[in-house]
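Have a look at the structure below before the remarks.
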Amino acid sequence: MSGTDGQAGGGQEAGDKGFAPSRRTLLVLGAAAASTVVTVRPALAQTAGSVMNCEIPVPGPQAGGQYIAADGSLVAPGTAGAAPPLARPLRGEEVKSLLRNGVTPAGTDPTSAQAYANYIRRLQAGMSGFTCYASLTPR
Amino acid sequence: MRHRLDIQIGPVAFRIGSAWKAPLDALGRLYAAYPKPADGLADFTVRLEPEKPWRRWLRPSVAIKGDYILPDAAPLALAHGLLAAEMGMNLQMALGQKNYLLLHAATVEKDGRVLIMTGESGAGKSTLAALLGERGWRLMGDEFGLLDMDTGALMPFPRAVSLKNGAIRVMEAEVGADRFGPRLEDTPKGAIRHMRPNDRAIAGMGQGGMPSLLLFPRFGPAEAVRGVGKAEIFMRLTQASTNYVSLGRRGFDALARLVETVPALAIDYPDTDTAVGLVEAFWRERAA
Amino acid sequence: MNGGLLVRALRDPASLGPDTDWSGLVSAARAEQLAGTLAMRMAGCDVPPRVAAIFASARRDAAYARTQALWEAEMARRALADLDVPVVLLKGTAFYAADLDACAGRSVGDLDILVPRADIERVEQALLAAGWERLKPADGYDDQYYRQWMHEIAPLIHRTRDRMIDVHHTILPLTARPTPDAESLIADSVELESGLRILAPADIIVHAAAHLIADGDLAGGLRNLWDIDRLLRQFAAADPAFWTTLEERAVRHQLRGAVRRAVRLSHQLYATPVPDGWRAWRPADALFRARLLARNAWGQERRKLLRFAFYVRSHWLRMPPLMLARHLWTKARRGRQPG
Amino acid sequence: MAGPTYIADDLYELVTVPLDGLSLVYHEPSGATHIVAPPAPEILEALMEGPADATELLRRLHARYEFDGDEVIHVRLGELEEAGLVRRA
């Protein structure tokens, strides 16, 4: 079965299909860290600017009042070294410059910017702001 | 809803409802030359609503709603209501369109064949397509290319071109004032001005064509051209499509066929005139 | 109100004439997550070409929903295969897995499974090991709240597929006044070919009724009620003793009132054939009916006060008053809207 | 090295398109598209002969290919398992 030439052409039928053959008989199992399977995920990223104007609350309403540690995790209010919650949600464009270039959003303390950026990076589906984050950063 | 406007763009009919008159007046002027849906029906409904009931009058803010909605979407100022309507229509396409494989791409046609330009927002594909549309090509769309999964043809979706910041001046130098919407200052994306495609683009909005060349344009410091591997093209196109995953096998077959049959190049360009020159040169080469 | 038009279209698709408000119907169906169902229901009916194309794409969406639902169930099965724990599929995924009539065109959100309460920690650990992740901070108020009072653990999400799983150990919050017999739900469940299970027919109805009437605020209720209609028709046709069994199971799970009301509403709105003794209309049924139909031709929700009343009721049902006060107080201090 | 025995999904459930030395794979049961690089296709093909544990799988691969680094096979199988292309028996 190996080494058969798969035919080009989308949508081959069963019995007439094959993977791209390895041209050499030398096979590399690869480094443990490199991935050999990439799965296509749903995308909204490129269109997001055209379809929505979005905001990310930092932190989300579930965690109102909590502070944000440098690594982006939530900690008790007043924790030393942690950043206070932001009074207003960040606009999509502000988040983009914060994540890409470390630009501190207007009216926020530059020393806290890293904590806010890390909080946003840790957002998961279902959390407030996730759709916005996902739309700003191709994954 | 208090106010209503129906618009047909390419194969898609929209019904737009609004709590305010102004956004629909602006939209109606911009789309005055477009036909109304012949059957009076809509593929998608867009609603422009006050975020809270009192926000209809008090510091009015426009929430973008409709058949399909996204969480985290922030409202826009009423002065940007036209932009809200445009975003609402794009949102319905991005989330609800399943009759075509949707590519986030600008498309133009010449001699019955289609050039597809795709890339991240800000790559300049809108401006490039708009410019080509005034220089001998037919503009098919600046935002979404609709790939017919049965025939492999690209269908037009020539909505008003959304020009941002510097691109506004480029097109103002090219096109008469009667084809522009109002200039919207200080939107979340900076200054925006919408431009109505020309009569040829609107008259041809039912006419598709077979894809013939795929370009990934990007603003860059210097002119540069690179080949792109087929697998990378496939991956980039899946990430440029909001509905690829949900279309299943049909989407896979259609996209694989596109990638296998259509040549592709990535181009960097320092200014739009260089880009137009590059496009024309590659087009002649491919056509030869 | 276009909720009414949508219900009529589902109940009697052939009754729609050429003067139908098709755009309003489509918007209402999309808003109620019933577009695929309506499209399947109206297959073969004479509709304008644009509507036919909308229905064709809604049917394709439903095919994708089916694939995704069954695949998530299969991935959960693989993750839990070594535990030797009964895994009962609930709601839409169960309808697809058993190919029940209710699955035609249906959308499916999260994967919902029911497992014995004693095994819930092992199930969660196995899912975490197989690529699912906790959604909310594990030490936060919400997780504690789930563990202490709810009928499920806090939802998990798969890190590459972005799909959620809700792991339940019973079908109502522990704080709700009825206490369903979770052990018998699992003991009487039916094994499918894959090794996964679904609830026994009468228990499927009891669960759907509990979800619709005794738990939530009836948002999206038309879809849940349509499930009940389809299921009742199918189960009653297959088993002459079904209505007697349903009554027994409803009593056993302390949900007779909810089941009776769901059956009455299904009969009223979708013309479900039901025995004489199940029809007697109660005055409050009219409020439920009005709530279910509160959707206009633009797909907007209407009857704000009525909806708010049902929202408050949903919290009231879930919690004794003192606990409700404490819950709302804690949420409010954290700057969150109740809910 | 043995560990669990793996099963690959039936060939008819995969639609594959070779592109530039990589393969596009459409997997019918999940509706997912994967882009796979060597040695993933070779492992899948070797598994299609029948279920195998890591030792047996390496034996089949060594019969056809020359390679080092047997210990990485578990990483490769883990990726394929997470993608749902192989499962444990």
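When the chains are written out, they are named A, B, C and D in that same order, and each has its own residue count from 1.
Keep this in mind: contacts are C-beta pairs under 8 Å (C-beta built on N, C-alpha and C of every residue); 3 or more make two chains touch, one makes a residue touch a chain.
Keep in mind that this is a model prediction, so the values were computed, not measured.
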Pair of chains joined by more contacts [C-beta pairs], B-C or C-D: B-C
Relative to chain A, chain with the most remote C-alpha centre: C
Central chain (distance from its CA mean to the mean of all protein CA atoms): A
Gap in Å, rounded to a whole number, between the CA centres of chain C and chain B: 38
Rounded Å distance between chain A and chain D, as computed from the means of their C-alpha atoms: 28
Where chain A and chain B are represented by their mean Cα positions, the distance between them in whole Å: 25
Multi-partner residues of chain D (each touching 2 or more other chains): 15, 17, 19-20, 22, 31-33, 35, 82-83
Overlap residues in chain B, where contacts from two or more other chains coincide: 235, 238, 244-246, 248-249, 252-253, 256, 260
Interface hub residues of chain A, defined as touching at least two other chains: 8-11, 38-42
Chain contact topology (line, ring, star, complete or other): complete
In the complex with chain C, residue positions of chain D that touch it: 29-31, 82-84, 87-88
Touch list for chain C against partner chain D, complex: 64, 67-68, 70-71, 74-75, 78, 81, 131, 160
Touch list for chain B against partner chain C, complex: 1, 13, 15, 17, 37, 39, 41-43, 45, 47, 49, 65-68, 96-99, 246-248, 250
Contact set on chain B toward chain A in their complex: 64, 70-76, 86-87, 90-91, 94-95, 104, 120-121, 143, 162, 188-189, 235, 238-242, 244-246, 249, 252-257, 260
For the chain A and chain B complex, residues of the former touching the latter: 8-11, 38, 40-56, 89, 91-93, 128-132, 138
